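Shared between the two complexes below is chain A, which pairs with chain B and chain C, respectively.
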Partner chain A sequence: MHKSDLSYQLERFGLVIVWLAFIALFGAMRPDTFLTWSNFSTIFGSEAVLVIVTLGLVIPLTAGDFDLSIAQILTLVSMTVAILDARMDLPLALALPIGLAIGALVGLINGAITLYFRVHSLIVTLGVGTFLHGITLWIGNSQTISGVSPMLMEWVIIQRVLGVPIAFYYAIGLAVAIWYMLSYTAFGQQLLFTGRGREVGRLTGVAVDRVRLTAFVLSGTLGAFAGILYTGTTGSANPSSGTFLLLPAFAAAFLGATCIKPGRFNPWGSVIAVYFLVTGINGLSVLGFRTFVQDLFYGGALVLAVMISQVVSGRKDRGL
Partner chain B sequence: MTTPTAPRLQLRGLTKTFGGARALDRADLTLMPGEVHGLLGSNGSGKSTLIKILSGFHAPDAGTLQIDGRDVPLPMPLGRSESHGLAFVHQNLGLLAEATVLENLIAGDHERLNPWWINWSAEAARARVLFEEHHLELAPQQTVADLSPVQRAQLAIVRAADRVQEHRSHGTPGTLVLDEPTPFLPQEDVRELFALIRRLTARGVSIIFVSHDIDEVREVTDRSTVLRDGKVIGTFETGTTSRAELVEAIVGRAVTADRRVGALRPAAPVAKVTGLSGAILKDVALSVRPGEILGLTGLIGAGHDEVPMLIAGARPASTGQLTLNGQAHDLARMTPAQSIAAGIALIPADRQTAGIAPDLSLTENATLPLLRDSLAINHRRNRDTTADLMRRFSVKATSPDQPASELSGGNQQKLVLGKWLQLGPRLVLLDEPTQGIDVGARQEIYDHLLAVCAAGGAVICATSEFEQLEIIAHRVLVFDRGRIKAELEGADVTKASIAKACYETAEEHA
Partner chain C sequence: MKQTFTRLGLVSGLMMATALPVLAQDDPVAAAQANIDAYSGIPEFTAPGEPFDARACMEGKSILTVPASSAIPFVKTIADHKDALAESLGFEHAQWENQGNPTQWIQGIEYAGNNGFDLVSLLAGADPRFFEPQVKAAQEKGVKVVTSHLTGLELDAPAGVDANTAIDYKQAGKLMADWTIAQTGAKTNALIIVSNEALSTDSLTDGLTEAFAKCPDCAYEIVNVPIVDWATRIQPTVQGKLQANPDINYVIPIYDSMSTFVTPAIAISGKRDSVKVATFNGTPFVLDLIREGTVEMDIGENLDWIAHAMLDAEMRLLCGMEPIVDSKVPLRVFSADNIDEVGNPAEASKGYGDAYVPGYRALWMLDE
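After this line comes the complex of A and B, so read on.
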């Protein structure tokens, strides 16, 4: 290792240590409410949606692009699936693939506009996301759609393994898949070069435009998958569900990039960051703090995360 | 035109070393009021170091600066040179193309502008007066992108002159440093620029004119100072000095470097390029034989450095055909992936953005071209491959996991070379392969290029370092404004004859 082993390992697992310290602190203060298995299994299960959105962001972020539309893809797909299932009685076997296809299609549109017109993805996806929110309000008549078939809830939140809802395992399975893709496949390396050395990659034969397009399609599809899980978690779709997930997902992705593989967006760092943030918020609300701690925590974490990564990399100007 | 007055600017004993190498060695320069003073020298002669000391970019190790008889302490704080009556126009002109002429004219003029309120109509009126004084047909509201190249150069020069007018510096017309302002201008436009320069000097402005082009220097300057290897070779009255004398002062008495290539056995070319146009290249044809190192060179703006990029498909050519090992390729549609598949390797000049990904590890950098569509990367094997490559190419680093940014320039370049040569390319294209690299690493890079040739490969190397060509090139093509103007082969490939060919081609259209 180029850095002394101890300090490097400390950097890698710093967030995990702080997380455990949080658990110990809140646990000592409220052992009966905070430090219970049911509290934790609820956290693990209900935040699986946020984990998946964060994992979805990691892919375009690695390639140097932003996908601000991912949360609105979630909302749109959640709403679409609820309408198809509850209002139009379409079987889930048909509604779910349609949902995923919508996510992939939006990703394709994001990528096509970004690459063909050479516009920054930040702007493209900001606009597309807002546009999608408009569609969601339109098709759902700005209302919450409930009455989704229990089968979906069964396979998202009701079934438990070791007491934890099955949605958690979907998120972990995805983290494994993305970790493998980023670490062990040529495509993962191509994503990395597209983000960190685009011209080097291009001159070495990497089809950087195709890589970026694929990254958008993958993040769109994962956003759609998160939307399906959202509907399954609550048994309904509400038109503002995703709006409150975008910033936490970015905070977790950037915070995750300061640990496990410091300096790189990485799936395990993201998973840890999500649960670190959620544990902090849960603990503070158990202590009696009110809803404002969410914004303090998520907003603060995002800014803190980028500050830390800049200090670590020696404060060079960077695009991200 | 020497007048009995005191000099406008005087540099004495300017010395600067970079890591043991003397970039400037006790250089003196005296500039008189109203004088155009040429600054000549080949690449690495110390011209740009001298200019960068004046602008405050470098701090000299020793030396003094006097302006209008007053001592000016060195190093010059960055951004303070204008208050000493010194303004710079660099080759890129420093204009924002999307902004208007007026916006560019007043950009950064903090001294004069009210920071809270810009009176645009008064500024526009002032600009019109300024343009009229200098006989320029520029309108304040024009967008710079719509200007012709010469108008842009004029705008940049007038802006610089405006910043150092009498009332701003201590009562004397200032000094302009024009750093290679002409290489991309057509001949008629150069004349127009020179007319502007003369009008400025008629008002007493002094000008340091940095150029590669001896004929332009002879046409517009009163005196010239020639630098070579950091030393001032002499200051000449340009009017009474012949072109040959200047060339000799720039190049020096031919000290031949050790040539490391001999005669080639005749063979059919391995690669042949015809009708190559694009960027500034016009209908270039060339061929290279197995085992040959072909050098491409020229002065700034000659276009020799475009050839490797276009052949490798890094940028599309507008037209051009490549025949490599009997296979034809259309260079207008070449992509990097196709050129790699055809057995071409490109080592680009811009190491920091096109050669290596500085944030990524040595292993990641070195093994990217080996991955293809792998679905199960073997990290241990990649690491071993990289460690082996580091040994063979003597890349000095602590570990293959280190980020490439931690390596010195020479070691980075050896890594890039190793990354490409491990693929066993049949045609290796290089652009300024030894830029910013120490002498030891240079020799190692030459060794590897010679090894490519020994294995029957061919090398095309674009460089502005004549000595490098003398050492390793079998044959050299000299470019001028997008065309090949001379070919040197065998014993003719010497630093002196290459320099002569470069400077002579410039004369043809003077």
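After this line comes the complex of A and C, so read on.
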């Protein structure tokens, strides 16, 4: 119905246009440093973890649930992998699957409590996340654990394709997989129905509880994967640093829902949102602005983008 | 003739002796290297004051330590060591366990006032500027309030506390700058990352800028990243700066826990060979990074030594002696040359010798 509508297309690609405009602006101001491939490889390669956390959020958000524990899953798995590898000398071939299994298990627990006790996912995942942070501090003795096998760093940030660290391609691969799942599989459609109206979904034969549970498990597993990449990026595990990724990831997920498929949480919108925000922050750093300007940009861009998106689409109600 | 030669020899010797320091002053590399060398060996014990009978004068007295956060190993370890020392000296010492929240520090100081403690020690970052009225209230109840390991030597006691036992942060700042000057042949181009809200930052930054002022061909840029933003801001900031200024050859995160976010930024920017890291704090995992080659130098302090020094200053105050400002806790420069001395994996109090143990025993008259 909307496909030919110019304003709809503007809305779909508004964020992309603003992103390109920012690149042009920064490029015009510092063409020698900003418009270099090495700078773009830095931009793309450095935020793979945030992209994956955001993608992990998109799945339960599509089903109408929040997963506030994802950042703590990341931190716990990052710490577990570092301890197993650096302190207990377990090979990565064992440590990594254990990490992923922890993420899936936490997702299962989140889903089970939410569904069985009919408690809002916001509260359940907030509580579970805080609990996990306690475990992380406990097992890591509140310390940063370093000495992780260089092989992990090798396969996260050292190996490069076209000059961009390989972690970027993992994130893009996951975005493709989630896009395919949401667009072309029965589970993706069920996820969407569940998010749009649980009762309607149930009446049309969707196993709503099973779909929501699966969404939590997928989100937990992606959080765990992000944790492994985090350890591979820093070569160590810090007991609190993943915590700070939660709000940027939610910001990117909501910003992403204003583009590509406006009104829906979608993987490509999320990827674009992350890189839009990172480009802004990188550009401001290259131009020499002080760090508080980054906060002004981050917060301002988020609110402005959502406002513009609403104006372009004629201020319709959109139940996000 | 022989006398003439002797005189000539004496005169030339005298000239050389006076000229050498001048040469060292003129040559920033030699001056920087001399400072590094002075802090690279096992430190010696320097008594911060006169000996006193600690066991006798502390009898019946009690101290409550409020650490910046019991979840920070650096601070928690110092508090634990103070516990053990107080027990061996036979007086009451307790910790107010907390997670770094100022309201918890306030609860601690009020607890001390209501439970007859003689002194509250705000340890390594519990900043009294956040609760000045409570400090005053505790003092009115007869509790002495001190800040320990919070500021550099140049700063006055904050928020009206009774005493402030400081660390030579300025020297640590100078050592970081001097290391880079010595390594680059006085051609340092440094990105310095600071967190302005920490009281020690002023002294560290003063030390850095003072040292770089003596190096005409050195350049530096200071960037502030608040502590809460370390995990999200340091990496993109460093990446952006390395792009904007390809001549940067050192990143100096003034607190070594920042290194977790600096080293991946350097790796992602593809500059592991040209950009090195020099830092301060001696946190064990960063010392391990020296062994791995991702951090080049870290300046450390011995946590057990700090525990001795802080308790010494607090006991002196309770025993009616002059407050100690300079704790005389030494710094040591760790690099690939001496990293084997800290253990593998690195341990918090290893690599500093143990001269302070008999030193403090003698100072507290425990062997008499």
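In this text, the second predicted complex is superposed on the first by the 289 of 320 C-alpha atoms of A that agree within 3 Å, B and C clash if a C-alpha of one lies under 4 Å from a C-alpha of the other, contacts with A are read in each partner's own complex, and residues count from 1 in each chain.
What we mean here is this: contacts are C-beta pairs under 8 Å (C-beta built on N, C-alpha and C of every residue); 3 or more make two chains touch, one makes a residue touch a chain.
Every value quoted in this text rests on a predicted model; they were computed, and no experiment measured them.
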Checklist entry - Does the chain A-based superposition show chain B and chain C clashing or fitting? => result fit
Next on the checklist: Quick one: is A:Thr243 in contact with chain B, with chain C, with both, or with neither? Answer first, second, both or neither.
Outcome noted: second
Checklist entry - Could you give the angle made at the Cα centre of chain A by the lines to the Cα centres of chain B and chain C, to the nearest 10°? => result 130
Checklist entry - Given the superposition on chain A, which partner contacts more residues in chain A: chain B or chain C? => result C
Next on the checklist: A:Gly197 in the overlay: touching chain B, chain C, both, or neither? Say first, second, both or neither.
Outcome noted: first
Next on the checklist: Looking at A:Gly127, would you say it contacts chain B, chain C, both, or neither? Reply first, second, both or neither.
Outcome noted: neither
Checklist entry - A:Gly14 contacts which: chain B (first), chain C (second), both, neither? => result neither
Next on the checklist: Just to be sure I read the superposition right, which of the two partners does A:Val206 touch: chain B = first, chain C = second, or both, or neither?
Outcome noted: first
Checklist entry - Which of the two partners, first being chain B and second being chain C, lies in contact with A:Gly300: first, second, both, or neither? => result neither
Item to check | Shortest CA-CA distance in Å separating chain B from chain C in the superposed model | outcome: 29
Next on the checklist: Considering only the contact definition stated at the top, list the common interface residues of chain A for chain B and chain C.
Outcome noted: none
Item to check | chain B partner contacts - residues on chain A that touch it in the complex | outcome: 1-2, 183-186, 188-190, 192-193, 196-197, 199-207, 263, 313
Next on the checklist: Please output the residues of chain A touching chain C within their complex, sorted ascending.
Outcome noted: 30, 33-34, 36, 38-39, 41-42, 45-47, 137, 141-147, 150, 153, 157-158, 160, 163, 165, 233-236, 238-245, 248, 278, 281-288, 290-291, 294
Checklist entry - How about chain C: which of its residues touch chain A in the complex? => result 71-73, 76, 223-226, 228-233, 235-237, 239-244, 246, 257, 260-261, 263-265, 267-270, 283-286, 288-289, 292, 294, 345
Checklist entry - If you look only at chain B, which of its residues touch chain A in the complex? => result 312, 314, 335-337, 340-341, 346, 348, 350, 353-360, 364-365, 368-369, 371-377, 379, 398-399, 401-403, 406, 419
